[in-house]
Structures are given as structure tokens and as C-alpha cells.
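Notes follow the structure.
For clarity, chains are labelled A, B, C and D in written order, and residue numbers in each chain start from 1.
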Amino acid sequence: MRKAGRHFLQIPGPSAVPDRILSAIGQQTIDHRGPNFAKVGLRALEGMKSIFKTDEHVFIYPASGTGAWEAALVNTLSPGDRVLMFETGHFATLWKKLAEKLGLKAEFIEGDWRGGANPDQIEAYLADDKSHEIKAVCVVHNETSTGSVSPIAEVRKAIDSARHPALFMVDTISGLASLDYRHDEWGVDVTVSGSQKGLMLPPGLSFNAASAKAMDANKNAKLQRSYWDWADMVGPNKTGYFPYTPGTNLLYGLNEAIDMLHEEGLDNVFARHARHGAAARAAVRTWGLDVLCATQGQESGVLTAVKLPEGHSADAFRATTLEHYDISFGNGLSKVADKVFRIGHLGDFNDLMLLATLAGAEMGLKQAGVPHATGGVQEAMTHLS
Amino acid sequence: MRKAGRHFLQIPGPSAVPDRILSAIGQQTIDHRGPNFAKVGLRALEGMKSIFKTDEHVFIYPASGTGAWEAALVNTLSPGDRVLMFETGHFATLWKKLAEKLGLKAEFIEGDWRGGANPDQIEAYLADDKSHEIKAVCVVHNETSTGSVSPIAEVRKAIDSARHPALFMVDTISGLASLDYRHDEWGVDVTVSGSQKGLMLPPGLSFNAASAKAMDANKNAKLQRSYWDWADMVGPNKTGYFPYTPGTNLLYGLNEAIDMLHEEGLDNVFARHARHGAAARAAVRTWGLDVLCATQGQESGVLTAVKLPEGHSADAFRATTLEHYDISFGNGLSKVADKVFRIGHLGDFNDLMLLATLAGAEMGLKQAGVPHATGGVQEAMTHLS
Amino acid sequence: MRKAGRHFLQIPGPSAVPDRILSAIGQQTIDHRGPNFAKVGLRALEGMKSIFKTDEHVFIYPASGTGAWEAALVNTLSPGDRVLMFETGHFATLWKKLAEKLGLKAEFIEGDWRGGANPDQIEAYLADDKSHEIKAVCVVHNETSTGSVSPIAEVRKAIDSARHPALFMVDTISGLASLDYRHDEWGVDVTVSGSQKGLMLPPGLSFNAASAKAMDANKNAKLQRSYWDWADMVGPNKTGYFPYTPGTNLLYGLNEAIDMLHEEGLDNVFARHARHGAAARAAVRTWGLDVLCATQGQESGVLTAVKLPEGHSADAFRATTLEHYDISFGNGLSKVADKVFRIGHLGDFNDLMLLATLAGAEMGLKQAGVPHATGGVQEAMTHLS
Amino acid sequence: MRKAGRHFLQIPGPSAVPDRILSAIGQQTIDHRGPNFAKVGLRALEGMKSIFKTDEHVFIYPASGTGAWEAALVNTLSPGDRVLMFETGHFATLWKKLAEKLGLKAEFIEGDWRGGANPDQIEAYLADDKSHEIKAVCVVHNETSTGSVSPIAEVRKAIDSARHPALFMVDTISGLASLDYRHDEWGVDVTVSGSQKGLMLPPGLSFNAASAKAMDANKNAKLQRSYWDWADMVGPNKTGYFPYTPGTNLLYGLNEAIDMLHEEGLDNVFARHARHGAAARAAVRTWGLDVLCATQGQESGVLTAVKLPEGHSADAFRATTLEHYDISFGNGLSKVADKVFRIGHLGDFNDLMLLATLAGAEMGLKQAGVPHATGGVQEAMTHLS
């Protein structure tokens, strides 16, 4: 039986793609070596600088975010290099595994998945590395598996306080264009991002932003690379072209997305996400449930991970909400599998869509027999109005 | 400043068009005289019979619903003919004015706009017309201005009880494909409908369904007609063609819409609208406001018209909700201008969309300073789950 | 078996709709009473004035061109009025029949379907009407059935020379936005047009442009009308609204079309059509076939009707080209049924599309066994380059 | 000034994307971990097997074809491995450079860019490698820079005759779904392909097909890899999922493309391309110009590269055709830069589109002052009809 109405895609990415972007993507493809393409390419490359807030280099890959993770590492590091990472959650762990797979020595500062990276621990760790063997510090900005945000500017200060020369790499795949982010001002060397979150596109494009220091590192980095190599990109990018076939139709959508973000105003976009995160947490508290992020001030505006009471399956709850209310929530990953569900409130989203989403969760709790107090939606409405 | 997220188009039509239909409409147009068109045309004509529940004639006009109103009258009546209409609200009044403009003598059974047509009054009126001068009884099925539903089967019985030979014409522009409707079983002679309500299309197509009796009347009807003339349609329609250029791209969408309705199941569609109407009224009652339809059992599943307290402007309220929550409600029309707002809950719609809609109304009441009790959304959630 | 590649829709309308317009039409519909609609409506109404080249009134109907024919007559005339029409071909004949159906006395100056209207004959006819009983002169600008163009400015002069007060009505359904047209400068009182030809839209919108004299006539015109009544349109149109539900999504497309026409430049659009008409005729002459339009200087840039040699079926030829080359040509209508085929070269069209079209015709002639000389495409190439 | 009509994208890929695929790509994205995705993923993976004609493994990357080249090598080889490649043209050269960049010892059998790979030379080369140090033979099936086709089945026989155990890798990025291809029957170990050629999609997806022998090689291959690793794909692919975020919207389009290819019939698709190639060459010969591919029987049905006479710039010619006829031809690459232009006749293409394309070339030759005989289009018409 057909389900009526719109599906609510409330996972923490891909976020629902606005019609304007779908329409852009659905335009006829063009010759990526022809004169008209240059405008598309330059607009995308320049536009992404305005989103990363950088005057330095931006690279666009026809690839998933996983590819941009790999690109950040292979472009700047050599086999056996030590890299310091922080266990903010599942995605930090995946990035670490990727680093290991590439032949790097990845070291973890362990975390409890209930907050962002801790700058003090990073500073201490780096201070111990007198010989500066650690070549990079890698932090996840918005940990998509937990809904916690790492304080990037503070991590920068920590590295500086330790007077450590390591490169600073940040994964803001799910943070960019939803949370405040400043590649240059915050002194990030390599930023990693993807298309299907705050940028509101389907998956298929991913990004690196690279500082001058990172570009220098690229010259001596020995990890094997070809598809991801920045060095091949720089030349063609200057005139809006790419060294191999780019994802033309997604670039159409990207340019539309960048326009939309600026039409709303980046600061308004960030404020909107923050406001929705707060309203979502207000609802969760009213239900008597816990938000996975337990560190005040680090709760994400992108998503809210909700812990179910012991003995209740988050996956069963999600199956119920999908079946009865045609809403997709994100699942708990690895350590928190079946224990949490994640509410995505990112991308092209507004107050009424959030309230629909919370209503889907609240009715689902009832339907699935999860003990909770009602009134979460009401509380969120109070919060929003 | 760009508004983020999806606009909520909660007027009682046009309803938000599902992507699948927009995509169908956006396909390349074809030769309406060529062999491929016949499939499109036949599918639409046959499909609409399944929606009207008729084995008789269906006519499709490239025109708004207003055109199909006119078509119903000019195809069956002659200048000076008396027609009996029932004042269910604004649209019944417009239809009457149209009849008068065409040179008919339209007579109104007055109503208070708080319910559907009254079969007893109609029976009495017809019984008085011993000489059978009244040639048609015209009733609005779902009065879009008030949210009241006329009991069509009962009106048929009233006409029969009065042993009156008048044609029975029903406007179900906003009822079709949302409320149960049975052209043949209920003995309707001419049914009028349009594309932009339960059929989920943009405006631009309208319909007549006609009984054998209506087709007979057509032969002697003297009102001037050309564009609307059924007689010119019958022949070409047999093979899927039209006497003049049809609205090809909207027909693509219509065929998609018919498929979607049958994929859900018409009875499920009707039950969904009824359920949403009940939940909406539960919310309104919780707010302490009145539903305009005051006749139990005649409340519409298509829309709910809500009366604001004396001294409060419904239009100011609507401006507030549009500005703050990006939701469009319908305005009060003529007699109830600025006194009511109308919540559309028709078309491709589901529980979470309804709750978002009601949340928009409840927050708007607060924002606009309209006295009300909170808890309407909560009550609707209880009702739905 | 699926046919590969793009269908060539080379009938004289609907013309193939450009992607940009299809994309516009596929956008979400909006509240036609809401504040955002006004911009859409005003832009369309003002834009169409720039296309008709008028500062007077433009009316937009959610209807086929046939409806706009009817609108022109019912808005300005009264039952029994005499109207003078000129038999340029099938569509002039249809318009005459429509007039008769509406109760007008339509009189024909007969033509041989091989040229446009003859101003001298019109002048003579009017000069005979000393008592000025003829209330309107109706001429088809671009006769879609024959590919002949009537000299509208000359007809105006003819009416003036005859010092006759009749209204001057012109059908440029298939001429507008392809051929030079000047409603005000040429002194036309009512112009009729449609969406699916030079305006490059799917069918579903039609138009009237009306002079002050026509607006005056409207006040006393007694033909029955409602849907078509200009008087109801004028008020709402002032602020961009319509008296009944407009064809919102086609209006999106119309606004895009108007932009596209001005981006190319109307004079360039006209020159392009003229050039393509000349190239098409060069091909036809090379094949040794006759162009139906036999009046030098009146051949259309919109379409070219080609006579097949005696004993050869144009419809069989068209079936062949559709089957083998996936190209649709227009059929011969009534008097020239099966004797001519019509090549549409209008709308969003360019040199290479024309050459493909002519190649389809030339190969079709061979395939269908129609005697002809080869080299038509070659000749057209010479002509174009 | 806006150019009217459709652009002709006649480069040898990306090919113009059919509306049906653009429409599929423009659908709303979904949760790539949710239950509905599995259908999309399985359909794509199974469908691609039918296109590669393999019962073994197919891998789909959200990446350009360049990525799939890299994937083929890093999944099966180890640093320092010798690989034998054949210089069919620019793309064979790029693949070799890529291999070198990855740390492989790539050896070239030189070619003159005027034909496909030579099986005899390959056999002789392998026969010399008594110690079987060569780990892979890499051949380009359809060399996009020259329009020559390598005889893949013959190369297989050559390897077998030399009794050499090297893996056999084939790049059919621009050949697949246009030219006959049989991964299993021809004993290919790794096939590489991409989305934007015969598959009619925009760029952004690429593919590997892998034999059991290649899967075995994967276990011991030491080249660094993560994004491209088959080993991570196999598990999730079984149920239709991917180890990282897939290119969901392009997968929608891929499924549509696979359906379209089967609706036409793969053999019909191949015959169509062959027929168009022959017609294009007939035109080129009539112009008195040379086709770059000089090896009879190895001319491509995908594209035709045309040599301009000494002293004439192919790039100037291409600029002329783009400017005057809105058609994009492919440029000459590296060794043949500015000396040849390439006519793409692949993807969703038909006779009339080919004739338009050839007309654009012929008129462009005249416009650009390139000496040539006229009549090429005429000759192609003769050939096609």
C-alpha cells in the first residue's frame, strides 16, 4: 500500500534535498572541457571557500566523504607517520581505522562518546611528544554518531600551547554549513567535508580545504596517491577545470546550495540549527530520556542522539516510526547500537518540520511501548515560539 | 532573507503536489494527434471514471474548476431555466452567480454556512414545484469555504421522494478523491470537479461526469456553448483524443495521480482524510475555538474552518503564521471574511504533516495574541496514535 | 523495442518544450491568493504585453487556444452580429464554425488555402457594407494548416480605407513569438494566441490582447459569457491576481519563456524563423515538390506545408518517418488531408535541428517511395551557411 | 544572446543524458542504510552484471572513471609489480602514468594511435617474460582519444597462447553499453568502466567487474588502498548496501539506464552504434578527410576522430562549430592536439541526431575555411536509409 504524503528523512544525513537543488541536478550535463564549464567550476570552487571561510585551497572530489578523509591523510603524510586522533564516537573510530589501513600509526585519546574532543587532553598528549613525531592531530568537529561538537578553536589553542608543529585536520562532514566553522581563523590545516549534510545535496561530492602549511606538507608526503592528489588539482582548478571528469551535475546542485545558504545568511543558518537542537533537547528532557551528549555546550545543532531506557530496543523503535509515521531516524552505531536513535535536524529544515519530527518520535515512543512522559512536542513549541 | 525548509501549503487547494506528479508533468510534451497520445488520453478518461465511480461519460477540460461549473450548466440547460441551489457557503454562492450570469433563474435555499445542504428542505422545495419548472438541483458536496459536507445520497433520495425530474448536479471540486463519492450509485446526473485538490495536481484541468439523462438533456439544451460542449467531445474521446488541444502535460500528471490513489486504495484515502479531519477538530476544541461547521456528521475531512474569537482578525493571524512559520492557511471568504481561517488537510498528506500544520496554527495563535488554550497538537497526537 | 535518442516533434505546435521551461513548470505550486503569487501573475501579464507589443489589456486563460478564440468573440459581439472572416485554411474555417455555433453570422471570403488573407478583397467587402452591419473582421495571422501568413498591417489599412468601424480580430495562435507581431502599431482590436507554439510551453494557456475599442465593445456585447469575461479579469489582474484559479504552473513556465525570448531578442527570434522557413523551402524545391503556400512573401517561418505528388499518401509518408526516424510531422487537414505534410520549424529550434528534420523528411520520401530528387538537405545547408 | 534550441553535446562522453534519466536522478534522496535502499542497490549491482555480461563481482564507486582505473590496479597488484600496457592513445597513456604514480613498473608496447592493441605484439612480449614477472596486461577497449577498438577476445587468446598467468585488465570506460563486451566469455579479470558514456548518465559513478582470479589476487595485493578496496565492498553488497555512502541519486539514474538498454536490447544498441560509426566515416571520406583510426575493422562505433589537413587548426574549427552551430566536438589530445576533432555518436542517439551532427561538422568545415568536398551528410543519409 502506498504511503501518503512526504517521507521525513530525519537521519543525520543525507538530509532531504530541497526541490531547487534537485532541479539544478536534473539539468542536462555539459562538456567538462568546454568553455561553459569553467563558470560552473569556478563558481563552485570560490563558493566553497566562502563556506569553509578560507582564502586558501579548496578541492572538490567526485566521491563520498570517506574519500575526502582519505585525501586529507594521503596528501600530507608518509607511511608510518604518527597521527593523534580523539575518540569522539563511531566516525572518529572509522577515520582512525582508515588511517591505520593506509599505514599510519594512529593513536587515540579515548573518549566516552558523550562529548567532543577535549583540548586539555590533546595539549597534554602533544606536550609529551617532545621529538614532534606526531605529524597530525585529527578531530571530528560534529560527531555524527553522538551529536557532540568538538571545540575546534580550543583544540587549535591547545596545539599552539603545546608548541607542537603537527598539522591540524578537522572532519566537519556533518558540521559544515550547519555549525559555525572558520578554516582560516581557527588555523585548521586540512578540513574534510561532504555534500549530503548541511550542503543539502545528495551524496557524491566531498571536499578538502587546505592551508599553505598543508600544501607544503603535500610536497613531501609519501603516501601513495593519485585520484586524491591535490598537486594535480591546483593547476586546472585555477581556471575552473579539473584533472579528471568532475561530478558536473552535482556541481550544478552545489552552486545552487551555496546560493541558498548565502540567501539565508550563514549566521542565520547556524542560529537556526542551534535553535532546533535546543528545542529537540527540550523535548527529549520532557520525555524523561537522556541525550547522548552529556557535555554542556557541546550538544549539536545538527542532530540529537537519544538514549532509550535499558531493555528497550532503539532499532525496534525506529522500525515502528518508519512503519507508522513514515519517518526515518538514524540508528545507533557500534558501541551504542540499538541503544540510541538519532534525530537529524539539519539541512533545509524549519520549525514545523522539526515539530513534525518530534511528533513522530513522541508517537513512536508510545507505539513502541517505550516508557516516557508526553508533552515533548508541546515543550518544543514553547521553546520555539 | 531566504526561508529554510519546505513551505506548508495548507490551504484547501491547491494542495501541495507530490514530486512524482511534478516529475510527470515535467516530461516532454507530445503530438496530441499522434498515436502515442491515445494511450495517455484513454488512460486519463478511463482512470477518471474509476475516481468518479461511474461507467458513464467523463469529460476533461483544459480549464479551471470554474469552467467545469459552467460546462455542467451550459450543456444541459436553456436560457431562463429555473435551477435550485443550496447556500452552503461562498462557492455555492459563486456557482449561483455564474448560473445567473448565464441567464438561468437560480433560486437559493438559504443556509447559515455551518453545514451541508439539507435534503428535507430540498424535498419540500421540489414538492412545491408541481409543474416541474425546476430543471436542475445543484449542490456543493464539499463546501470549500466552510468545511461542511452535503449528504449527496440523501439529496438524491429527497429528489426521488419529491418525484421530481430535475437533473441532479454536484460540485465536488474539493471533495473528489478525498471524500467518498459515487456518481452512478448516488444517481448524480452531472458531477463537477477539478485537478488541484484531492487529485494532487496543479490547477488547470477540470472535469464533468455525466449520466445518460444528462447526455439526453444535452441534445435539447439551448444555452450557447462551444468550448464546453460535450457533444464535440464524445466522438474523439472514444479513441483517446480531444476535439481541441488538450492539456497534455497535466494529463501526464493526472494519470500518475490516478495510479497513486489506487496504489493507496480509495477507501484508505477516504479514511485518512476523515481521520485527519477528526484530529484537526480535536485540536481546535482543545484550543477552545469553534469549528465553523456546526452540523455533526457533516464536518469535512478536506479542511477545517476555524472561527477566531470576536475582535480577532483571522487575516492578521494568517499573516503571522505565514511570516513566522512559513505556512499558508486559507482565508475566510465573503460572509466570514477575516473571521475564520481554513486548515487544508487534503491531498498527499500524512500524520506528521498534519501535526506540523496544527503546530503552526497553535504557535501562530500565541504569536498573534489570540486567546486560546495550549495542548491542541498534543490532543491531535493522542487522537492519531 | 525502445527507440534511442530524442524524438523530433516537428509538428507546427506543440513545439518541443525546452528543459528550462519544463523545469519551471515542475516547481511546487503555490497559493494563488497568497502574496507570492502576485509577482508571478504581474510578471506574466506584463511580460505578455511585451510579446504582443501592446500597452493595452492582456488576458490569460487556463485554457487551450480554442478558448481564446471563443473569448475574443463572446467578449465583444452580440447574437446575430455579422462577422467577416477570410478562408485562409482549416483553422480559419474552424474559427468560422465556432462563430456560427455562438450564434454569429459569419461570412467567408473564400480562399484557395495557398496564401494569407487578401486585404483588397476585405476592403471591397467592407466597402459594400454601407450600413456597417459587419461588427468584426477576423483574420488568421499564421494559418497553421497551410503555412501562409496574412499581412496584418495591410488588412488594417484595408479596413481604414473602407472607413469601416468593425473590430479587427487576429488569431496569431501559431504566429506569436515566431513572426513579427505588433498589436498596438497594427491597430488590432483583439489578438488571440496560445502557449504551445512560439511560446514553447505545453498546451494549457491561451491569451487575448484587447484594445480600448475592444474593451468598450465588451460593455455592450450580449453574447453569453462567464469564464471568458474580460470584465471580471480587469480588477484582479491589476494586482497580479485572477478571478478564478489560474494555471499556476504553466504561468511559471510562461515567465521563463518570456525571459528566454527577450534573452535571444524578439527580432532575432523572428529572423531565425524566417531563415529556417527559407531553408526549408529551398529543400522542398530541391526535392521537386511544391510548398502549399503559393503566394510569394506570405510563406511562413513557423511551418512549411509540402504537397506530395498525386497518388502518394502524405499520411503513409508520415507513418514511415515516425516509424523509421522517430520524427512527427503535421498532417494535412480537411481539404488537404493526406495530400500535404507539414514541417514545423518553430519554437526553441536551431540550424542543426532543422537539418535533422529535413533529413528525416528526405529519407522518409525515399523510404516511402515518393518520387523526389535528393539534395534537399544539402541545399538547406548551403542556404544556412 | 541566448542561443535557441538544443545544444548538441557530441563529444565522446559525457553523452547527452536522456530526460528519463535526468528525471530519475532528480528524485528525493533516501537513507542509504534504510530498507528501501537495498532494492536500489541490488538492482544496480545485478543490473551492471547484465551489462558487463558477468556472473562474478561488480563494484560501483561514487567516483569518476579515473578512480575505477586506480581501483583495478590497487586491488590486485603490489608495489613494483610489472604491468604491460599498450599505447592505443591518450587514455592508455594516462592509465600508464597512473600505474607509475602508484609505484608499478608500467611497460608500454608503443602504438601509432591509429588502431587498437595488437594481440600478436602482446603475445610476443609475454612470451619473452619467461619468469612471469608481468602481473597484469592492461588494454583499453575503446580508445576515446582515437576512436579505435582493441580486439579484446583476441588479446585474451594471445595471453593464453603465451601461457602467461598475468591478470587481464580492460578499460571499457567509453566502450561499455555501446560496443559488444563480454567480461566472462572473453576471460577478462578486471573491467573498468564509467557512467557518462554508453550508460548515458552524468559523470560520478564508476565500475569494476572482477573475476575470481582477480578476487584472489586482491587477497595478496600490497598496494595501499581503502576507498577502492573490493574486500570492504563484498559483504555489504550482498544485501544491496555499501561500506560508505553511495551516490544514491546517480544509482537511481543507473537503474533507469540499465532498463533503457534492455528495453532497446543490447544487441540493438551495439548495432546502432556500429551503423552510426559507419555512416560517420562515410561522411568523412566524402569530405576528403582522414579518419584517425587507420586499422580496418577497429574503427569505433562510439566516436570518429577526424584529421584536419596540415595547417588547419582543429581547435579553431571546434570553436567555430560551437559558436555558429551550438555543437560541441571533442578536441585532439596530446600527440594529436589541434590536429583532430572527435565526433561522439554514442549514448542515447539516433539517425537524425547523427545527421544533425554531421551537418554541423560539414557547415563548420566551410565556415572555418577547411578545404573539403561537400556531400558528407548526403552520403551518410544514403548510408543510413
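We adopt the following convention: contacts are C-beta pairs under 8 Å (C-beta built on N, C-alpha and C of every residue); 3 or more make two chains touch, one makes a residue touch a chain.
Computed from a prediction, not measured in an experiment: that's the story for all the values here.
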(Q) I'd like to know which pair from A-D, B-D or C-D copies the A-B interface, where a copy means over half of the contact pairs are the same by residue number. (A) C-D
Q.
So, comparing C-alpha centroids, which chain is the farthest one from subunit B?
A. D
Q) Between subunit B and subunit C, what is the gap in Å from one C-alpha centre to the other? A) 34
(Q) Taking the mean of the CA coordinates per chain, how far is subunit A from subunit C in Å? (A) 55
Q. Could you state the distance in Å from the CA-based centre of subunit C to that of subunit D?
A. 46
Q: Name the residues of subunit C that each touch 2 or more other chains.
A: 19, 23, 26-28
Q: Please give the residue numbers of subunit B that touch subunit D in the complex, ascending.
A: 19, 23, 26-28
Q: Could you pull out which subunit D residues touch subunit A in their complex?
A: 7, 9, 11, 14, 16-17, 22-23, 25-35, 61-67, 70, 74, 79, 98, 101-103, 194, 196, 202-204, 223-227, 229, 244-250, 322, 328, 331
Q.
Going by the contact rule set out above, which residues of subunit B touch subunit A in the complex?
A. 1-6, 8, 18-19, 260, 263-265, 268-269, 272, 324-327, 348-353, 355-357, 359-360, 362-363, 366-367, 374-375, 377-378, 381, 384-385
